[in-house]
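Each of the two complexes below includes chain A, the first together with chain B, the second together with chain C.
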Partner chain A sequence: MKTKNFGRFALIPYAIWIVLFVIAPLLLIAYNSFLDIEGNFTLLNYAKLFSPVYMKMMFNSFLYASIVTAVSLLVGYPVAYLLSRTKHKRLWLVLMILPSWINLLLKTYAFLGILGTEGPVNAFLEAIGIGGQQLLFNDFSFIFVSTYIFIPFMILPIFNAIEKINPSLIYASRDLGASNITTFQRVIFPLTKDGIQSGFQLVFIPTLSLFMITRLIAGNRVITLGTAIEQHFLVTQDWGMGSAIAVVLIIAMAIVMYATRKIMK
Partner chain B sequence: MSNTIIRFENVTKVFDDHIVLDNVSFEIERGKFYTLLGPSGCGKTTILRLIAGFVEPTQGNIYIDENCVNKIPANLRPVNTVFQDYALFPHLNVFENVAFGLRIKKVSAHEVKERVANALKFVNLEGFENREITEMSGGQRQRVAIARAIVNQPQLVLLDEPLSALDLKLRTEMQYELRELQQRLGITFVFVTHDQEEALAMSDEIFVLNKGTIQQSGTPTDIYDEPINRFVADFIGESNIVEGTMLADNLVSFANRTFDCVDMGFNQNEPVEVIIRPEDLEMTSAETGKIPVKVDSQLFRGVHYEICCYDDFKNEWLVHSTKKVEVGSTIGLDFDPEAIHIMRLGETEAEFDKRLEAYED
Partner chain C sequence: MKNLVRALVAIIITCALLIFSIDYLNKAEGYSSDNTLTIFNWGDYIDPDLIDQFEDETGIKVIYQTFDSNEAMMTKIEQGGTTYDIAVPSDYTIAKMIDEDLLLPIDYSKVVGMENIDKRFLDIEFDPNNEYSIPYFWGTVGIVYNPDLLGDMEITSWNDLWNPELENQIFLADGAREVVGMALNSLGFSLNSIDSAELAATSGKLQSLMPNVKAIVGDEIKMLLANEEAALGLVWSGDAAEIMYENEALTYVIPEEGTNLWSDNLVIPKTAKNIDAAYEFINFMLRPEVAAQNADYVGYSTPNAAAMELMDEEVIADERFYPGPDITDELEFYTNIGKANLAKYNDIFLEFKMSGQ
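Showing the complex of A and B:
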């Protein structure tokens, strides 16, 4: 009885937190999205979203998020797999996760240095005779840096899923005549689907709304919905438009979450 | 084709500086039922894993059909395993688990259906095809694991304690059925258990293992009647083991008395260990018995009473009897000369066999 009451009591701070910092802002955004720049009620913000400019942004956002997620998965899965076979796997894992504890902005600035015209990569390219290249402010650098930043969130859940597989299942599959490749297809991959699903969501959803990296690394060449929201709130001060984009983005994320869960079933 | 399907040649297996199998050699003949019997950690599963190809021997060679298979991967060996922890695939239902091996071999859909149905019927799991593994009890899972192995009709099936999770009735039933299946299909079974009754009931041949070595191998009756040492005698059924002295051929002394026996080939006055099985002891009155003992405790075991007595020299004597006695009373133990089995101290299996052969002629 007592613990039950205490349990309820202990939930109160959490509930307050959720209401104040999650639900209230969401409602505010939704409310704002129906206001024009003067503060009058309007549906125009949503109408504008269907203009070619915003449709292209939306398309870009999904395109880049998909590429970053796909690259993270293609690189992250084998890494997670190899990681689970190495000796000091926990140590390697921490080394790989470590960068994600560093502030995003710091990492981004670090890449500005590394990939810049005066940076070590260009110095190396000069040295081996290829010559200096413009590495920043293009699609490649954007995808490269975004993948670098988000890949730990792909590796970790997949690694955990692989670790959870009972090793006898692999033996059983081999015993029943399956080669290594067949064992991967029929046993390991299906049993790591949950991990892939988590990794997918943890990478795809944040990349959908990226803005800082787009500006700093891609030099505003890649304009995504995230960039647009930032522009509206901080530059044009059109909060209504920014909120409308945010609402659409939130709905899109919800759909993605729901869809991945359905597909992975 | 030679009759030997598996041969271990001086196989040693070391895990992290720990010798798990120590220079083990044996042969397994086609079409027989073999049991590996031994206490936990003695290396039974390791032998199966070596045969299946999940681990490589540290030293020595393993032959299947007289081909050295040290470097042959598990998926290319004509062997299927029933795992100690079942190792059923959690993402597949019962049907697909059993069908796994057939699907890999690209057997036609129609044949898969038929063979899986037959295998499930054999393990009494008809109608469970569409169940998820998580919806099966421990005993049912064990039977799915058996079905998954035998459905492939391999030359050799390795079974790692496949009946341990079943209740006594189902267990006995499955013992009969497995034995019957093995004889019907004519395939070779290597069966692991630490239940000596199961081993005695099912096997053509038993290997008794301890600490990574084979202590004794032979038919169930050989091992039961002529255990080579105290370990085997103790492990195969319950035994009374006392120290004695071999006075001459067919004459042994223990418990301060002299008895006729049927063992020979010992040195004069050689110290030996004497075994008498509890069911070979007969209870009579203190005056007529060969050894007078005092009843210490009595336990009802269902079929018989297990009576624990002590003689005047603090030797413990276990008696199995359908008759009841009074705890604290003094009784006499009677037995035939044939009931006495004499063991030489520290005799190896080879020496033991040689001695038996010598006086059988």
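Showing the complex of A and C:
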């Protein structure tokens, strides 16, 4: 009885938090999305989202988010797997995660120097005879830097999933005559699906709404929905349009979450 | 669980202690609303030595806060809860702030030194008779370029940017009015045009520039140009001065088709707490020797004619940053074109950006 009451009591701060910082802002965004710049009710913001400019932007956002997630998975999975097989795995893991402790903006700025015309990467390319390349302000640099920033969020859940696998399952698979490949296909991979799912969501969804990197690294040559929201709130002050994009983005994210759960099951 | 509670308590106690010590320190230093002056200005837009000098002379403590865009500054003042005694918005933002009733009129009986200001920067459309604002710095929008990277090519006009030889050589500042204004000017239209036929033509012209554009960037444009990542950039004259200070190979030109003339101005927001101190600060900044020292530090052009006489002759004679009336008379200030028209400019700018993808 007593613990039950305490339980209810303990929920109050949580409930207040959820209402103030999750539900209220969402409602405000939804409300704002029906207002035009003069503050009148309108559906035009949503209609505008179906114009070629915004459709293209939406398509681009999903395309880039998919590429970044795919690259993160392709690179991250083997890394997580090998990591779980190394001797000092905790140390390696910390080294992998360390960059994510550094401020995003600082890391991004560092890439401006690294990938610049006079940067070390170009110096290297020139030294081995390939010659200088334009590395900044294109699709490649955007995908590369975004992947670099988000890859720890892919590695970590997969690593945890692999760590949780009971080694005797793998021994059993070997005892029963399965090859390494079959063991991976039939035992390890299915057991790490949860990790892949979390990794997918942790990378795909933030990439979808990425801004700042689109300007700093891609020089506005990649424009995602996140960039458009930032512009509408801070520069054009068309909060209605920004909110409408945000609402669509939230719905898209919910669909992605739901779909990944369905597919992974 | 126990550890968690302990950690939480420790954090709360630390916060409480910090709050108390800030309060104590503020009192010990003599901060309170009657002898502090809160200034809301662009980053690195005043010589810090002048703030010290002002504090020594008047005994007023200065709290200096910064913003990085007119819009952000205005939003903050609009939302209230701020106590800025002085803010430094640009021309068209002042018009908006007057419309929204965010500013206090200037009481000229308390202002000393207005006669020092060059008449060219007074009584402009955004604030007739300077009822609300006093010029602080001014400049133009133009092209900064690196002759070393361009061979013999000479850049004198906006239309030079459309030269096919300049493929992938231009950085643009990320501002709708600046970029659309450039295209409007290149076609001979006013950069405040709200004519839909003119704007449609401008949109087309702008999109044809895309092959030459390397990137559309923010403040980092200064670093990128100084590092010679590309040969040309559309920038504000003050940024150009900074870039040229970093890398002497670059030069700046005011395009011959005309461009934007802008000014940043001192204003007193409605929410000001210490209005007397605000006037003391305005009078301080109007002094010729103070304005000269400030212009020397910041590198932007001062509207204070009396200050110019005290400055390095070479600086003042530089037509790139101190163009004479024959040039400035041909240039245009941005006018407040209204939200709906501004939205059109933003749409053109967005379509332009998307055309590069």
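Quick note on the criterion: the second predicted complex is superposed on the first by the 265 of 265 C-alpha atoms of A that agree within 3 Å, B and C clash if a C-alpha of one lies under 4 Å from a C-alpha of the other, contacts with A are read in each partner's own complex, and residues count from 1 in each chain.
Just so we're on the same page, a residue touches a chain if its C-beta (ideal position, glycine included) is under 8 Å from a C-beta of that chain, and two chains touch if they have at least 3 such contacts.
Small disclaimer: the values here were computed from a predicted structure and weren't measured.
Enquirer: Examine A:Ile223 and indicate which partner it touches, taking first as chain B and second as chain C; both and neither are also allowed.
Expert: In the superposition, A:Ile223 touches chain C alone.
Enquirer: Check the residue A:Pro190 against both partner chains and state whether it touches chain B (first), chain C (second), both, or neither.
Expert: It touches chain B, and chain C stays clear.
Enquirer: By the touch definition at the top of the document, which applies to A:Leu112: first (chain B), second (chain C), both, or neither?
Expert: second
Enquirer: Between chain B (first) and chain C (second), which does A:Thr182 come into contact with in this model arrangement: first, second, both, or neither?
Expert: A:Thr182 sits against chain B, while chain C stays out of touch.
Enquirer: So, A:Asn166: does it touch chain B (first), chain C (second), both, or neither?
Expert: The first partner, chain B, only.
Enquirer: Once the two complexes are aligned on chain A, which partner has more residues of chain A within touching range, chain B or chain C?
Expert: Between chain B and chain C, C touches the greater number of residues in chain A.
Enquirer: Just which bits of chain A does chain B share with chain C as contact spots?
Expert: Touching chain B and chain C on chain A: no residues.
Enquirer: Contact residues on chain A for chain B in the complex?
Expert: Contact set of chain A toward chain B: 166, 168-169, 171-179, 182, 186-187, 190-191.
Enquirer: Of all residues in chain B, which touch chain A in the complex?
Expert: Per the stated touch rule, the residues are 49, 52-54, 73-75, 79-81, 83, 85, 87-91, 100-101, 104-105, 148, 152.
Enquirer: Any idea which chain A residues touch chain C in the complex?
Expert: Per the stated touch rule, the residues are 37-38, 53, 56-57, 60, 109, 112, 116-118, 134, 136-137, 215-216, 218-223, 228, 231, 234-238.
Enquirer: How about chain C: which of its residues touch chain A in the complex?
Expert: 69, 71-72, 75, 168, 171, 174, 176, 214-218, 220, 223-224, 227-229, 339-340, 342-343, 346-347, 350-351, 353-354, 356-357
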